[in-house]
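The structure appears below as structure tokens.
Order as written gives the chain letters A, B and C; numbering starts at 1 within each chain.
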Amino acid sequence: MNFFKFASLTLVRNLSKNMVIFLFFTLFIFVASSFIFTASSLQNSLDDELKRQPDILIQYKKASRNHPIDNGIMEEIKEIPGVEKVYERVFGYYFFDTANKYINVIGVDFLDDEQEKQIKHLYKGFDLKAFLQEDNMLVSSAVKKLLEQYYYEKMFNFIIEDEEPKKVNIYGVFDKKANLFLNDSVIMDTALAKEILGYEENEASEIAMIVPNKLEIDNIVQKLLLITPSSKIITKDNMFKYSHELYDYKGGVFLTLFITAFLGFLVIFYSQASSISGAGKKQIGILRAIGWSINDVIKWKMSEAMIISFVSFLSGVLLSYLYIFLFKNNIFVSIFLGSENVYKDIALEPFFDINSFVILFFITVIPYLASTLHPAWKSSIADPTEAIK
Amino acid sequence: MTNVIEIENLNLTFSPNTPQEFHALKNISLSVKEGEFCILKGVSGSGKSTLLSVMGALLKPTSGKLEVFSSPVSKMPDFHASTFRREHLGFIFQNFNLFDEFTVLENVQTALVPTNAPVAHMQTRALALLSMVNLEKKKDTTARNLSGGEKQRCAIARALINNPKLILADEPTANLDRKNSENVIEILTKLNSQGTTVLVATHDEIFEQMIPDLKVIHIKEGAIV
Amino acid sequence: MIFSKSLVAFLFVEATIGLLFIFSFYFAYMILTRWNFNSPSKLQYTLEKRDYFVSLILYFALSTKVVLLPFFINLLNSLSEKLPGAMCAAGVVSANEYGQILLTLKVVIIFISGTWLILNAKDKLEVNLPYIKPRYYLYLALFSLILLELLIEYLYFTNISTEEVVLCCSALYGMSSAGLTLPFGLDIYGVLSLFYATWVLLFLSYIKKYLLINTIANIFYLVLSFYALTYFFSTYVYELPTHKCPYCLFQKEYYYVGYLLWGSLIGGSFYSIAGFAVAKITKFKTDYLYRNSLILDTIFIAVCTLYVVAYYLKNGVFL
């Protein structure tokens, strides 16, 4: 029998007393760990998505809101050496007023290989010819559900200002894996999207370009600034940096709140642990009489604290893993993505970010152990004649 | 024969220089020789338990000389005092002082935890002692469910686990009936006959009735009489 | 001010340790001023018990600091993502004048608290705790360093600007760098010969038990290793003659070998210095500490050499 075995025996035999600490600790870990799993899984999927994005985007902002951009400059951009391809992108919110919801309409040029490739993996057995023959669209499962509520089973009528309603057939529902980014979206041909969103022929939401040699990007950005000085130019690096900063910032704020709450728990725990009961004193008196030293008692108490914190930590992490990745639409996703718009149909991709768990370990287990040092020492120096009285 | 315990002019004052000051041990001088069976007799409150605690290095005296196996135990820092207690002394108590939630076997092994002894060694040693006190059949019983006599025999096994040369017992028979008291005394006599020195604090007449060459030390109001 | 999750966690743990030290300071102060082993007073008995609390805190602090050091290095590496110009921790460390001081201080603190704990263990083996005074003077030093470390951590992190461009490792250690030059006016082959020669000296002084020489040689070895690793061996790890950096070694691309290399080097110096200090203060033999030191120093030199040999076997040429 060593100190760990002994500690596990004393813990198990006094289960009811230790259960409260254990449950609280596990609950704290569960919440924090759920947050971390959600954040790092979202971040990871976002990174994957960003990797598929074009290298440079040009947007036109008016009063910091996206405004249609004139696609005439594409001709000029094509001439810049290093730019392999330039294309326009069209997207925007359509207000479905009967349901009081917004639907994100995305236009895709299906005849362009680059864009067609991006869409292809969303829908199995996609038949391009049939799709383009009529006004068709692909919808997300969430939008499909929304439309069905209003009895649009096969098609939907988009209301356009000063014009006849535009009837668009629902060609199919795209893969749920894309729901994280396209949960409230429908995809259709660019020309059709422009019509629905009220864009002119020569207008687009943004202009995208592909630059195979990453070293040329800075150069190209300089040249773009000359062509359209008033536009906002976003590089892929900017997108990564911005998304990482946002997540790190959100994570930092959460962490600070969490630490504060956890400190509260520790204070309560500390005051409870520093008052040693009569039975506790007696126990220590017995151990001291049969030859345990002060240090031995400390080792026993610290082993208890380690077992409690390690077991709680592992159970908290395990439970949250199961909760986050086995149950769809958990509340943590709503915290991150908001929940105003359409019904969410999102399952997170399992992702384990070791660094985050090292952080979680540092801010929970270490302070917990630190808070047990004084109580452990205090009980170890309890009057050793207690057993003889 | 050598002296196992040697005490000269030992004093102990609780809460000195306060209104609660209490002179619990007054100028005590005594010695216990190797292989003796000794009882410390006195009424309740006379200081028997206090004296045992001092001998066991659980309590520091205020002044005087105290040597156990020629070691100045009261001057040792905790690490040495504890090691000394573990290796040379076995404590037995009036109210048994077992860990109620532990099994008999676990209770006996408790004293070995700080030694880092191999598991197999602990197991064999504990089982051997349990068979000596006739408890091997109950080794997996929770201590709470034992009878008084069984509890005390388990406590004796625990005290013997490190093979001590001196046993200090504080009223070991006070909570036992006649039959069980005899049982305990038989075990103690057997150990004594094998060379272990035994010192018992008690006011029970049964020791004088059962043990022929018993050394009796009388203590009254903290002083030897 | 720079901000990240890892940084919040790191500062929080550091503050926790600082708090524990402040908590234990009163006890330590009492022990320093009122200790009298032969007194039978209650105070003396209380002080003996308090000594256990201070030991416990130091034990906890050292274990945490040892775990925290690689986390800190990793934190610096991850912060390089946020600093324009930085490719690895080198740029982050050199972002202001406190970075290098902080790293050194961290190693010194680990050295002192490790020595303290060895001294403590020896002290407890004696029947009259004879080394308590040296231990608590050492504690005072440690206490001041811990507070200083917190202050420097504060200054360091609040003075990192995310706007200013910092230098990357090739600018700091590469060909064009003007700042750092090799010591004693040696060229790199001089440093290498001295490095191997010092290891031989370490080995011989251990065998012959010239312990003072061993410790001095160890300090020398630590300094030489820094240069040998940065300017020579690291290029073999990166397999690129122009890439010279002591920090990129910690990155995933190089299988985190930096942790092994720096860990063994710092551990080796620690054991030798602690061995000397403990032997000076106590009457105990510290051969086992010197043995640990030699083992770790040897691991360091062996791994470094292996990289060169492996490169030669693979490519048939040296860099």
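Going forward, a contact is a pair of C-beta atoms (placed from the backbone, for glycine too) under 8 Å apart; a residue touches a chain by one contact, two chains touch by 3 or more.
Here the structure is a predicted model, which is why all the values come from computation and not from measurement.
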Arrangement of touching chains [line / ring / star / complete / other]: complete
Selected interface, A-B versus B-C, where C-beta contact pairs are more numerous: A-B
Nearest-to-centre chain - CA centroid comparison: C
Gap in Å, rounded to a whole number, between the CA centres of subunit C and subunit A: 37
Length of the line joining the C-alpha centres of subunit B and subunit C, rounded to whole Å: 50
Separation of subunit A from subunit B, taking each centre as the mean of its C-alpha atoms, in whole Å: 64
Residue numbers of subunit C (touch at least two other chains): 49, 52, 124
Contacts with two or more other chains, residues of subunit B listed in rising order: 78-79
Contacts with two or more other chains, residues of subunit A listed in rising order: 294-295
Residue ranges of subunit A touching subunit C (in the complex, touch as defined): 244-245, 248-249, 251-252, 255-256, 259, 294-295, 298, 355-356, 358-359, 362-363, 366-367, 369-370, 373-374, 376-377, 380-381
Footprint of subunit C on subunit B - complex, ascending: 60-63, 75-80
Residue numbers on subunit C that touch subunit B, as the complex places them: 40, 45, 48-49, 52, 124-125, 127-129
Subunit A contact footprint on subunit B (complex, rising order): 49-50, 52-53, 56, 58-59, 78-79, 81-83, 85-87, 89, 91, 93, 97, 99, 101-102, 106, 109-114, 116, 119, 122, 158-159, 162, 170
Interface residues, subunit C side, partner subunit A - complex: 3-6, 8-10, 12-13, 16-17, 20, 23, 49, 52-53, 56-57, 60, 64, 68, 71, 74, 78, 81-82, 124
